[in-house]
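First chain A sits with chain B, and in the next complex the same chain sits with chain C.
Moving on, here comes the complex of A and B:
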């Protein structure tokens, strides 16, 4: 760093724009308020914390809709650490929706299990703010901090049932492997920071847009490759792509079911948001293949194609042999990460702003559809599992179809949507992702993805068959469905049909609109 | 740099103190004692930093490590149950394989340290153009800095740069880091508190806890509360 730059930094203004982080601020404040209320409330009033959390989430959603519809101010603040574009808003919406549905699912459950409601809801809100920061961060530092906030809160939530050994195992496994992968990510960030020091004497940078500018004038190009590879591993862990998926089934099985619902939908989407931003915008497409930027781009894109294929295949093949519904859904979540990676590859492979924005919105849309149907499915699984998560095997679902038809039919609907049956959200999500990949010329990748979808029919339909065509040997008493869970089921069922039938409005909202030049840089 | 006068005295006092408190830290049986010895080690090292002319590093060491990290350590130690470790007397230095491995690794570490210091000294003795340039630049920066009222104290350029970039350029991540710490504290308290503490807090009825308790130790613990 030369003298003039040093002096320049000393006089730099902090560039504060609180409106630009309004949704994040609302969610954090709600988290603190929930904690305070819980500390002073009487035991009988603990249910209030869930309601307060919901209010905070809805307020944050309103704030983000306001930013979506009519934002005239600057589109980045804090020296580019926070950016505002459709990618951020889309994933912020997903994070808030997942969190709100999780609160609704867990409100009654948390009381029934005698777990501390206040801590649960405040941790959930903090985790949500972490996810939102991951989506809005234009700087690797913000993304890392957001990821850590999210991860630490999730480790604790996974181990929330402290007297249950499976929950302890899940939490510890997630903690050890998660911190391991965070270390990978951090090391990658440090290497990229070092590598982006330029020959003209500028110090390194962690700003994503600036990294893209500096790729070709990097002082140490080999470090860039190493750093990008390590970040790929770090993000790969978080979104559970094979071969970094091994933790997923155990963690998802052991964690309390509402937490599993949250983990499968929320952190995965947030991971995709940062993953997309870092790689598609930080190491972008360039026409000259021989340059450093071209080589890096080709390298990560090639790696992602391989990852997508392995992830889809391992996820689907692994799901076939499972006898536990939560494990089956865990493998299915791995497979879905693979399908979303197909759209990711398409977004990375093109320099054309229109195609790129289409591909990016297809990934966001895919994560939204996955979040809706997955949360719905887990809500039903929570009800059937009862207290202590004791009934989660396929056998426990034997023949409940005609005894609790409401639950069985909704669960079947979510299974069909996860499979990708026409008219449902899952179908539309897959179509959008595959179309983006076809536009980018990845025909064989799409063929493999479609074949994988065919494999997945086996285990999704198996659950339906078990529910409707098996004899029940043990007695069955229909679970009481609390009102808040009914709300969740209504929202998710309507969501599955709405996204499956009228996807255009949502897709348009997720697309980069012309004035947002920043996102296409 | 040749040590002379009081500098030499203080250097030897603090370095020997650092070494001995470090040793005592790993040999102490009580975790709280270990933490206290670690604090003495850190203070001695901070004093060494002052001697080396790195006042800022010394200050940061005292504030961050001793003030923040160690207090958190003590909290954690007092929060979790460490009685089991204390009771297990005579477990230290009793396996010959362990001692051999430790000695070997220590030897390797010492060799590496000596080698690294040698290389560093060699590099320092070979003046090159780049470092000369940087030195020139640094003096220019030093001269550009404001001089305090008494005229004898200057903050180093690095300190000022660190402060600026932390509180001006990176003010947002700085604030977010506090949120991260809050989450970590809530989480660790949540997971580490014992059933006894949980029952003592007004929110849980000991009778309810009895239903979820599975191991005999926990049951005994609970009974001691309800009595």
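Moving on, here comes the complex of A and C:
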């Protein structure tokens, strides 16, 4: 007892490596600075907060690029709580990109709506740091903390238009169902912590890599199954998979449009990052089916296949009957989570590191393409909705194609990309995910996904038809397009073509590099 | 007095279930919110029970983090509830029906 205690005390060196969490630190600091500037600035100077937020996000992006290309230090720190791999860097990049584009979309909007700009931007930065922690956490503690930092900030952002009942309701529903699902996730974590105690007398663990090692020597295998199932439900709520998706349309419709843009792209990607890390790395593939690890792997993989099918189908069928564009995009985001789950299944189904890294990078790439086209689409929807989000029905889009051709054409491009037309990012994202699933042998899943894509043509094309071929009955004055939103539209349009035509560079960056290659770099 | 681990786990499972059922059937926002807190505290009990049975502090550390998060969540949640009460003067979720469910 005394000897083991002494050994334990020796082991407790903090293992601090601040450079490994540099992007997160930059974003947090920027959030605090924005908050302080907002507190001390005169009302006329509040616009600065958006600029400061952008500076912070760009600096964090530079730091993560540096980690991507020139990192030679250890690949984990804080006793495995933070890990550095391409999965983390890819999703960190997505989080920063989504956040920067949201800042640009909301800069002028937040002034026009008379909302407190500084609070909005600092909350956005804190939410971003939460998303980044979700991607970088190698321990369930960090993933839970990141998730809560993200969620609590997002609850407030959803209800940011305080006097608007729709915004209140959206925030309330998001809050109740969000914390409900967090409790499920947490219970799952607690059960896994208990179940990973070993027969040899080791205490339980929350470290994901360590969990994988202990599956076969677990003290309480049934608790392991229960814990994994609870975590599956918790993550399922967060990324809005089908039986747990009911909150999505309401929350997305009621929240202010720039916040919806952020919620549909950012938290979903972050949810996928930690969902992937916990299940693909924590309960990994194993060749021996009869072992506990084999059984638990087969169980979650089977559950995910079913979830993917239901999610795609419900998302697409639900989107068909919508008359509100934001609601339609909400169902479309459910459907896209389903397509990304196809890649997730592929990543989980194989033990081969090359295939696994290809499948993982395909999911990250899919979330990147979805983020780009989704933010572009919501930027246009924000402009058309005007102050107070009054014009979000399909009728409000009647015949605007020839009156505001610029907006209508960019929105059409994003719709075609969401549909997955060749040459666009959406097509390439789907191809990568489906190819990964085919490599893993999930032919029928891919067939169902392709059929679903065909269904989705109906509602994406419907918006284009409404814009270009319907007569406008009410008067239409073209919205003024602020310079910052023009920047967003340029970035997203270029992004849609770049990812659709030259995806290789990004895909290679998202792939896990084998250690040998790292050494020679 | 020695109480076996399984009793603690059973108690926390029951508390968690009570919380889940409460969130589903309660129609008042404050009650739903309290049921969510009950779920979180059921989880805390699980952590502490495992932690003391393993003689390992990880679980207790987790409880501290959960308590902090629950406090932050309570602050934000009550803020949201006050905002909705000011606009509607009712805390019945069935009246929160502007957005179709």
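Going forward, the second predicted complex is superposed on the first by the 506 of 521 C-alpha atoms of A that agree within 3 Å, B and C clash if a C-alpha of one lies under 4 Å from a C-alpha of the other, contacts with A are read in each partner's own complex, and residues count from 1 in each chain.
Definition applied: a residue touches a chain if its C-beta (ideal position, glycine included) is under 8 Å from a C-beta of that chain, and two chains touch if they have at least 3 such contacts.
Being a predicted model, the structure only gives us computed values, none of them experimental.
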Inset, instruction - Tell me which partner A:155 touches in the superposition: chain B (first), chain C (second), both or neither. - result: both
Legend entry - First, second, both or neither for A:259, with chain B first and chain C second: neither
Legend entry - Which superposed partner A:193 touches (first chain B, second chain C, both, neither): second
Inset, instruction - For A:116, decide between first (touching chain B), second (touching chain C), both and neither. - result: first
Legend entry - First (chain B), second (chain C), both or neither touched by A:416: neither
Inset, instruction - Tell me which partner A:146 touches in the superposition: chain B (first), chain C (second), both or neither. - result: first
Inset, instruction - Check whether A:95 is in contact with chain B, with chain C, with both or with neither, and answer first, second, both or neither. - result: neither
Inset, instruction - Kindly classify A:163 by the partners it touches after superposition: chain B alone (first), chain C alone (second), both, or neither? - result: both
Inset, instruction - Considering only touches as defined above, state whether A:334 meets chain B (first), chain C (second), both or neither. - result: neither
Inset, instruction - Report, in rising order, the residues of chain A that make contact with chain B in one complex and with chain C in the other. - result: 141, 145, 148, 152, 155-156, 159, 162-163, 171
Legend entry - Complex interface listing, chain A residues touching chain C: 141, 144-145, 148, 152, 155-156, 159, 162-163, 165-166, 168-173, 175-176, 179-180, 183, 186-187, 189-191, 193-194, 197, 203-206, 246, 249-250, 253-254
Inset, instruction - Write out the stretch or stretches of chain B touching chain A in their complex. - result: 137, 140-141, 144, 157, 160-161, 164-165, 167-173, 176-177, 179-180, 182-184, 186-187, 190-191, 202-204, 208-209, 212-214, 218
Inset, instruction - Using the touch definition up top, name the residues of chain C that touch chain A in the complex. - result: 9, 16, 19-20, 23, 29, 32-33, 36, 39-40, 42-43, 46-47, 49-50, 54-56, 58-59, 61-62, 65-66, 69, 72-73, 76-77, 79-81, 83-84, 87-88, 93, 96, 98-101
Inset, instruction - Write out the stretch or stretches of chain A touching chain B in their complex. - result: 1-3, 6-7, 9-10, 12-14, 16, 21, 28, 35, 43, 46, 78-79, 81-82, 114, 116, 119, 122-123, 126-127, 129-130, 133, 139, 141-142, 145-146, 148-149, 152-153, 155-156, 159-160, 162-163, 171
